[in-house]
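To keep things simple, chains are lettered A, B and C as they appear, and every chain counts its residues starting from 1.
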Amino acid sequence: MDRPLRLVAANPLDRLARTLEALLVVASQPLPVEELAEAAAEDAERVEMALGLLAERFQEGRSGIVLERVAGGWAFRASREAADACGRLFERPVERGLSQAAMETLAVVAYLGPCSRPEIARLRGVAADSVVAGLVERGLIAEAGREDGGAVRYRTTPLFERVFGLESLSVLPRLDDLGDAEDIRERLESLAEKRPA
Amino acid sequence: MPVPVRELELDLEAFEGPFDLLLALVLRDELDLGEVDVAGIVLAFLERLAEREELDLDACGEFLVLVAALLELKARALLTGEDGDLEDLDPAQAAEELARRLADYRRIKEAAAWLVDRLDEESDRYFRLGPAPLAPRVERRLAAQDPAELATALRALSAEPPAVSLAHLELRFPPVEQFLGRFRSLLARRTRFDFDTEVDGLTRVEQAVAFLALLELRKAGEIELSQASPFAPIRVRRNAETQTERTTTWTARSA
Amino acid sequence: MDRPLRLVAANPLDRLARTLEALLVVASQPLPVEELAEAAAEDAERVEMALGLLAERFQEGRSGIVLERVAGGWAFRASREAADACGRLFERPVERGLSQAAMETLAVVAYLGPCSRPEIARLRGVAADSVVAGLVERGLIAEAGREDGGAVRYRTTPLFERVFGLESLSVLPRLDDLGDAEDIRERLESLAEKRPA
């Protein structure tokens, strides 16, 4: 009784895969597995399996449509191979001309979580107003309530994760791994110790 | 033989000794940064460079990083009003605090640099921003709301916020950006210029900062520098492959 | 000389088809053949051929993504087979609350009367563009003429009153202790200037 069922099982999964394709092609942002499962009226496990099938079909080199895991969900995008063609037809208003100040501000907000303009200004050592307004305008950060002092706080948006191709904020490299700030400090401190008293 | 930047001998009003020791003393708060003439350090370095037959660009790079660190420290040291009680800390704690702030800022810079690289790698990933062409329209429905929330929101908005010091907003880095912009626009018009002529008439500090800008441009590959002989004018030439649209400027990376 | 060229032609057409897939999955409106051809740097005839290939691949019953020729050109859509799933995806769950930014903006407009975006920004001490756009899109506020300076003013809508269970704006919870609308407005303006941005 078990075997024939298994044999036909391939078919429903294929049907589910088609449903997921349909959902993903009309969605305007990455869809988490749970949302896909709910829309497809299926359980998450089977959705994961079907996504596995699709990820294989829609991959770089094989298809112009690529399925990627990004911003906490799944989304279609254009293959990198077609970037030139896309560049001729579409603008990239979100990330064009992001200044160093904008990048530092994004880094502060992405790493420290919701924070206000005064906090950003303190960390960067310069006023952050116009930079923050620019990032809000581009949709890379958004308001996230107010802090006690009354200042509006900001967080990064799913669009930020999407533009930077991040599965989630948790894949950002740990700050400690990035630089050698500690290293420089230690070097200087050890030098100071060597100094004759 | 390279100029050993960290052993650069300084003879300033507030300090006499090698550059590295100065940084160490500053970190240990045994030297008041407010007293240190950073421009003097830059000038000492310039003189040291001038003694050499040719421009030692590696030394310039290292010097730039160290002096940038010092400027950051100095800038941050002026922030005492913001976090209040640095004066209440003992020297070791104060040094610790300054070092921590510098480290924080450096980490942010590193994180920003990582984001820049990432964006560069991901620039060939195109995706749709808006709704799909033939997608159904989304109807967002909202549950019933309590009008009291409106009153609460407006009341909160009209409450006096606790006093917050705005001291930190006063802080500005030295106008390296300003010279970067000035030199860039100069090079947009001319392929080369004479540094000494360009900074003639400026104060010593301005000249020092202008020189930092020059080093930064050189580091970014935008210009080439040459000097016929020690103390001869520094000639600046636009690099043939200069990218016209550089958005990342004045990034003090670690040596 | 002609024949061998034709024989290898299948491959480039496949590549072109992938490029078109990529363009179509990124587009937010139907793309005419000429635009596709220009972006792909190919001639229209070959683009038509490649579209023919794609139309066969992306058709009802075979794929969840369906390529369709509509008035303005070519576009991907979800298959009819997946209509129910798409319906569920786009039927947003009822949202329970509003963001703080939205609530503050609504409170300002409801209590202080029609306001322009610059006014709202001044009173809240933070840029108002995206919040206002969001509230307009959701039908909670609507345009209500222009102020003297020419900026569009916004007022709350009947939907707003329905959502908040108000018969009219006159039954808003009273804020007598704060004075009248004019007092509140002055107070907010002076506070916004003082508040850390």
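Criterion: a contact is a pair of C-beta atoms (placed from the backbone, for glycine too) under 8 Å apart; a residue touches a chain by one contact, two chains touch by 3 or more.
Nothing here was measured: the structure is a model prediction, and the numbers come from that model.
Chain centres computed from CA atoms place B at the largest separation from subunit C.
Chain-level centrality, scored on Cα centres against the all-protein Cα centre, points to A. Per-chain Cα centroids separate subunit A from subunit C by 20 Å.
Mean C-alpha position of subunit B lies 38 Å from that of subunit C.
Averaging Cα coordinates per chain places subunit A and subunit B 28 Å apart.
The set of subunit B residues touching two or more other chains comprises 126-132, 134-136, 161, 164. The set of subunit C residues that touch two or more partner chains comprises 22, 25-27, 76-78, 86, 90, 100, 124, 191, 195-196. Subunit B makes touch with subunit C in their complex at residues 126-151, 153-155, 157-158, 160-161, 164, 166. Within the complex, the subunit A residues that touch subunit C are 15, 17-23, 25-27, 31, 35, 38-41, 63-65, 76-79, 81-82, 84-86, 88-90, 116-118, 129, 133, 136-137, 139, 142-143, 145-146, 149-152.
Residue ranges on subunit A touching subunit B, taken from their complex, read 25-28, 68, 75-78, 80, 82-83, 86-87, 90, 92, 94-95, 97-100, 103-104, 106-108, 110-111, 118, 121-127, 146, 148-151, 159, 162-166, 172-173, 175-176, 178-185, 188-189, 191-192, 195. By the touch rule above, subunit B contacts subunit A in their complex via residues 20-21, 23-25, 27-28, 69, 72, 75-76, 79, 82, 99, 102-116, 118-119, 121-132, 134-136, 156, 159, 161-162, 164, 168-169, 171-173, 245, 247-251, 254.
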